[in-house]
Amino acid sequence: MPDPVRPWKLSREGPGRYLDGRPFGNTSNVFECLFSSAASYTDSSDDETSPRDKQQKNSKEIEIAEQEMPALMALRKRAQGEKPLAGAKVVGCTHITAQTAVLMETLSALGAQCRWAACNIYSTQNEVAAALAEGGFSVFAWKGESEDDFWWCIDRCVNVEGWQPNMILDDGGDLTHWIYKKYPNMFKKIKGIVEESVTGVHRLYQLSKAGKLCVPAMNVNDSVTKQKFDNLYCCRESILDGLKRTTDVMFGGKQVVVCGYGEVSRKGCCAALKAMGSIVYVTEIDPICALQACMDGFRLVKLNEVIRQVDIVITCTGNKNVVVRENLDRMKNGCIVCNMGHSNTEIDVASLRTPELTWERVRSQVDHVIWPDGKRIVLLAEGRLLNLSCSTVPTFVLSITATTQALALIELYNAPEGRYKQDVYLLPKKMDEYVASLHLPTFDAHLTELSDEQAKYLGLNKNGPFKPNYYR
Amino acid sequence: MPDPVRPWKLSREGPGRYLDGRPFGNTSNVFECLFSSAASYTDSSDDETSPRDKQQKNSKEIEIAEQEMPALMALRKRAQGEKPLAGAKVVGCTHITAQTAVLMETLSALGAQCRWAACNIYSTQNEVAAALAEGGFSVFAWKGESEDDFWWCIDRCVNVEGWQPNMILDDGGDLTHWIYKKYPNMFKKIKGIVEESVTGVHRLYQLSKAGKLCVPAMNVNDSVTKQKFDNLYCCRESILDGLKRTTDVMFGGKQVVVCGYGEVSRKGCCAALKAMGSIVYVTEIDPICALQACMDGFRLVKLNEVIRQVDIVITCTGNKNVVVRENLDRMKNGCIVCNMGHSNTEIDVASLRTPELTWERVRSQVDHVIWPDGKRIVLLAEGRLLNLSCSTVPTFVLSITATTQALALIELYNAPEGRYKQDVYLLPKKMDEYVASLHLPTFDAHLTELSDEQAKYLGLNKNGPFKPNYYR
Amino acid sequence: MPDPVRPWKLSREGPGRYLDGRPFGNTSNVFECLFSSAASYTDSSDDETSPRDKQQKNSKEIEIAEQEMPALMALRKRAQGEKPLAGAKVVGCTHITAQTAVLMETLSALGAQCRWAACNIYSTQNEVAAALAEGGFSVFAWKGESEDDFWWCIDRCVNVEGWQPNMILDDGGDLTHWIYKKYPNMFKKIKGIVEESVTGVHRLYQLSKAGKLCVPAMNVNDSVTKQKFDNLYCCRESILDGLKRTTDVMFGGKQVVVCGYGEVSRKGCCAALKAMGSIVYVTEIDPICALQACMDGFRLVKLNEVIRQVDIVITCTGNKNVVVRENLDRMKNGCIVCNMGHSNTEIDVASLRTPELTWERVRSQVDHVIWPDGKRIVLLAEGRLLNLSCSTVPTFVLSITATTQALALIELYNAPEGRYKQDVYLLPKKMDEYVASLHLPTFDAHLTELSDEQAKYLGLNKNGPFKPNYYR
Amino acid sequence: MPDPVRPWKLSREGPGRYLDGRPFGNTSNVFECLFSSAASYTDSSDDETSPRDKQQKNSKEIEIAEQEMPALMALRKRAQGEKPLAGAKVVGCTHITAQTAVLMETLSALGAQCRWAACNIYSTQNEVAAALAEGGFSVFAWKGESEDDFWWCIDRCVNVEGWQPNMILDDGGDLTHWIYKKYPNMFKKIKGIVEESVTGVHRLYQLSKAGKLCVPAMNVNDSVTKQKFDNLYCCRESILDGLKRTTDVMFGGKQVVVCGYGEVSRKGCCAALKAMGSIVYVTEIDPICALQACMDGFRLVKLNEVIRQVDIVITCTGNKNVVVRENLDRMKNGCIVCNMGHSNTEIDVASLRTPELTWERVRSQVDHVIWPDGKRIVLLAEGRLLNLSCSTVPTFVLSITATTQALALIELYNAPEGRYKQDVYLLPKKMDEYVASLHLPTFDAHLTELSDEQAKYLGLNKNGPFKPNYYR
């Protein structure tokens, strides 16, 4: 335990207790510490706000988030009679934000008990964590954890006397990994894992392949609704937002090369930039995606064909070393380089950490890398995901993910013995459709209902599912 | 046999024979008949052309089509050494067009023998049929067949002495159905069926489900490349073209309701019309598709909410009775109604054939249906598919389908015993990718190759397949 | 019955002679000739229709056009009490189409007498001319006039005993030119000229500059509403339509170079093609337009930089010899070349009429020009305007022009002495706004009215004009 | 050293007094104050930077700005031989930013002496002001001036012994107004005024109308290049950026009403939001603009028709009280209201300052106005211009304005006696074209040159101007 004095630790070691007793004592210390390091990256005006105001503001942020997460609120309402998660003890490991707070409060309203850690050392909104703690939730997280802190927090979620989780809600697989490694026996009581991230899902499939997955797992990441929203509708806006907030670049007339033409790239990046007047080139390895790029009006090139002329380079491949030092050497002065893909390996950033190159941080998340001849490359988020690092995720998108997570927990928790084996599952189509339908009222959208005759003609149940599971 | 004097029948009953003897006698009769009824619907200037010129022009049309079907030409070239279809006897039932001619000539170059009928009583380009016949192919088809003609032609393809097919290439399933019904023993020698249409594939799955499918079948319709092209890239252009050619309507400012928001509708119809300045409303039954419509910027409504105000109604659902008499009664004067979906059942056209309504044909494929108060509805193609009836399909799109068909034939014909069972298969991903790659040179598109390191990182073979089979 | 001696009547009553003495025979011949060569280019199904049906159909076409020209119908209604053109004798020279018929009938309803000739030897819809003649109008025009016919018809409009025009409605300036040349004294009674075309307006400005314009003239061509519609909204649709009808080309992925980036090009061609998935390059001589092309996302190139790689070349400059033989020599096989500009001089078509090149007409308006090595260029409309030759103009666009013409006639005819001198004028902004407002109901569009306070703040009259005259 | 008494120097050299006697203390105070309240709105990470670093960083910002203002750098280069502004004494009143610094340094390189004040009390980048002062320029400005400060600074620019301006560069007309009011005799030596803003230009036209304009003035605001960039290309990006930075709203599926359909609105706001998946309604008073909105695919409504359902309200009219309390009362909870027009009068913000409504500042530039029933309206920038308040202006756009200003100064300063009278002029078209051409290299854009023959055909000089002055 490297650091004996950390805020939440302190508060947890003090007179109060989370789950049972509440409140848990000396928060003032905590808050002092928290607020000195404050400043969520989405809020540049914090400096004008006093700590007191911040806290008030924050429960308000949760309140505002509630308004934009209508589906969770609808779930809460429907749960007033019945408690589908009564008896559920959910241990979670996700980003700690106002939206997560709405999810946790919803799970609680559905009958569950929750203990939570952060899945990322930077992303915790401290005020939200504090507000949740005030509200009686056991949250172990703060912005700027060390790696040791990170694992310590996770451990605190599960290693607690008198409370044993029976459901896991994970984002990245770290929590699942920790339990596998430290407390494998705990799985005997666990009814299922709900996993949200690409990485976490990948790990689960590997476990399953190796015959080591010992409970059913629900792959939330690949649910259609989430996929479409995260990859397409969200990236379409965050590519513009991320570039603008970091560089103030004008998009009109800029030449851009986008590496990869999958869902993220297609409408997410390429279409948005094209709409703003950029000239977009695409690179691809898969001929089918390549042909789609052509038909959508993008020149398909090899990176080296255009590297000298482009103003912006964006990677969205999921591959590694897509942009390497040789490419970076040939870029023109002022070229912006960033990553919208699924990993931080796409740009070989390590290759830029050599003595002849000078790094200069010009803004948060923005580095100028300077060549001996004075040429500057503008590297965003050090090659990590632009949309997560330099942009915000609209609450509405998070609402879809959170609702899907809640439904996946309900499904796994209530499924009759034998419906799910020790394998990785996609959310049943019908529940995916249900998630979508809960979000339609936001748009004042009116769904058409099948007539009996039409349902019969199509061989469908009038209430869905309307598409086969594999349909995207 | 209701009609003793039909052109191809005549020629086939005369002195010559197709496959063996050639030529087949008294073509002059045939041509006279053909050319008096001539005029492909895509060519409004035929009246200026003499029959003689037409025939010349037509082999030229095949020649021109060859230039736009580079993938088939590439296949021919690669086949110069080896004949992957040597010994194959292919019986086909498709639209008879210049593009089909290029396919047939390619199959022939690959070593196959072909006998062909039309899958549609209207779509045959007589000059192409004639040119193919001149070139030695056994083609049984003409524009404007009766239903009896239709089945007679199909029968002539298979019911022939001394020649028995070992491969079926079908579009709609009628040929397959005929063989099942009349010559079931023929399947003993048949190595496989390649089916192109939704309907035909549906029939095959039903056979398979019922345990009655007795040879392997390849579902070409659902190959990714074909799907993307037919549904999206093609419809995007043909919705505009079909409406313009039939009605000369100006798109700017028009209010349009599109029923259904699947692939055809999404980018195909809605995006194209939006780009031209129309205001587009969408109806949907599936909440996932509905949410996508919302996010793409279309108001999601029930048909009745907007039926009084829209200028154009387009159906793309695959469902039946999507637009019924009640809706038609409420449309405003001059409203255009058409169908881009998968069946001719979407608009309840039968309900318009009542005594109080007057029908008036104002152009080919365009009817005015007139209410007693003088209100006119403009009904296109009597509710059949607009894109097939009133627009043209670019050769490039047909090239993708034809190449896929050719590869599917090669795959089934050469597959080692046991690779394919008596079931319906999708084209292996790798061959789908191959089809796409053969079309990239058209766009001067340059594919990126994986490095060894990247292939290893992704767990892929450097030459593909690059995506799982279910990937779209 | 405004005119006892009508051309159709005349010609039908016995053999006559053209002005220069050529006999034009009896009308039955004329009609036979007319209808056998009939077939408006917008109507591919004429061959199925008998002459009798055609004529019936045509008054129906006028009726249908009336429904899409709501502004003229509104003018007619308002004229029921008052006849603003009472006493006006309008001689016109325009395209003779169903839409012109609606205009003429409107002028007549407003009190005017009309005599009309065609401004183009090909564009007359014979059935419309016949229907107008039947309705009592003096129309001198048929499809396929010789140049002598053309001038004879014009002469017949003005050279008539007992009737002298006091207003001119011209499209191209030929009528005005004829009167200047043959009957200059006629101008003494003429109150004004309304001119619709670029060329005609140019001629008027030259006359004015030379001090030879002897009556006020209204430049209808440059009215804002007409400009926006003709140049932008109309071309946006007609570029796609014209290319599709002539070549069936697929737009997706095609490389296109557009010469010139004015109004026609900008949204008209470039934006439409971009929306359909083409990759568009632009050439420009004016740096301001060039910069706009850049910001809109088009690579600005010199023609020679891309001429080898493009699939389609479109000229929209108003300049001459923009595409010359040297460029044509370098194009790739199958390249499509067409003109959307203001003249037929943009493509140096004459340079293609050399012995080593073979011309082959493949469809109406489509020529293949074939190089000795077999390379084919697809030349549309022999370099004349694609949108006029190969596409249709929506009635709604023509409605705007026709309404503007009618209002310009009313304005000039009723203007108090001295308001207009012997000069060329633009339509007063307020009347331009009135034309626009008459077309809004078509879109169910609701205009906002200024409050008194707002009008005062802006220094405007509540009823307009809302913008200065130069505003576009 | 043009001016021994510079403000920064002054203030740093000891306590001073404002014009009206208020003391403004010693500079160290000033700097402390400046940097503690610092934080340019474009830079959210200032809190991590020490004052020392900030200043270093800032001359770097000027350096970076230089790279994106290639046209000014080109002017500097051309001025190496000749000094077109030698002897010019320019007094300026503009926003004080890195881009202005590049302009001032350019004017200086061209031979001019400069004294400068800020045209806005909030927009000064203090570090830039400091860097300019360090570099020897007389700059009187800081972020957060009071109104008295504001006029004091302006006065300090002109009221200085031994230095009298002969050129005015104004943005808003306040400087011009001050000289008119306080030092009218100064105009005797002034050769001209260059004015950049709508308001300032309006004032000049009023002066001219009243016969009180006593020197020539150049209206830079209405130069084509500036207009297109500021109104269209810039707003297209800043509407998205401004909304995103302040509210993180997701655009997809949002219903938006845009009041006014002029240049700003048209492509600036409406097209950008449409491209991001919003459903956009438009209100207009001018039927011509209204018809364009219809043709571009937007429903034209009165505000009240949609006010209950929209998620975002944007004003771009230039009018006053476009959104009034009655509208605000009817908006739904969470509705965002902002202004992109030319004044801060469009939204009647004053009407919201009533006791029953609660205002809550949730972020910088973002207020929640809360109704008694809990409904919240999200008001941005208190109704001031969103694009200036909540977004950044790309350097490239400012480069165009700054280059135009520099050329206007050169033109007025060097014009032969009599070319310009005491009136308001637009920049000659040719210079406008020159500004554009200086910016083309940024896009690697290649302009086509007219041949002699073409120039003759068009009646143009080969080097321009290519369009009449009124052309946009």
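Letters A, B, C and D name the chains as they come in the text, with residue numbers starting at 1 for each one.
In this text, a residue touches a chain if its C-beta (ideal position, glycine included) is under 8 Å from a C-beta of that chain, and two chains touch if they have at least 3 such contacts.
Note that the coordinates shown come from a computational prediction; the quantities given were computed from them, not determined experimentally.
Asks: Please tell me whether B-C or C-D has the greater number of C-beta pairs in contact.
Replies: C-D
Asks: For B-D, find its twin among A-C, A-B or A-D: the pair where over half of the contact pairs carry the same residue numbers.
Replies: A-C
Asks: Can you give the whole-Å distance between the Cα centres of chain B and chain C?
Replies: 39
Asks: Compute the distance, rounded to whole Å, between the mean C-alpha positions of chain A and chain C.
Replies: 57
Asks: What is the distance in Å between the mean C-alpha positions of chain C and chain D?
Replies: Using C-alpha averages as centres, the distance is 43 Å.
Asks: Listing for chain D: what residues touch at least two other chains?
Replies: Those would be 233, 252-253, 276-277, 294-295, 299, 443.
Asks: Can you tell me which positions in chain A touch chain D when the two form their complex?
Replies: Residue list for chain A touching chain D: 39, 42-45, 47-48, 57, 60, 67-68, 233-234, 236-237, 240-241, 244-245, 248-253, 255, 272, 275-277, 309, 333-334, 362-364, 392, 394-397, 442-444.
Asks: Which positions of chain A touch chain B when the two form their complex?
Replies: Checking each residue of chain A against chain B gives 224-225, 228-229, 233, 283-288, 290-295, 299-303, 305, 318-322, 345, 432-434, 436-437, 439-440, 443, 445-451, 453-454, 457-458, 464, 466-467, 470, 472.
Asks: Taking the complex as given, what residues does chain B use to touch chain D?
Replies: Against chain D, the touching part of chain B is residues 252-253, 274, 276-279, 294-299.
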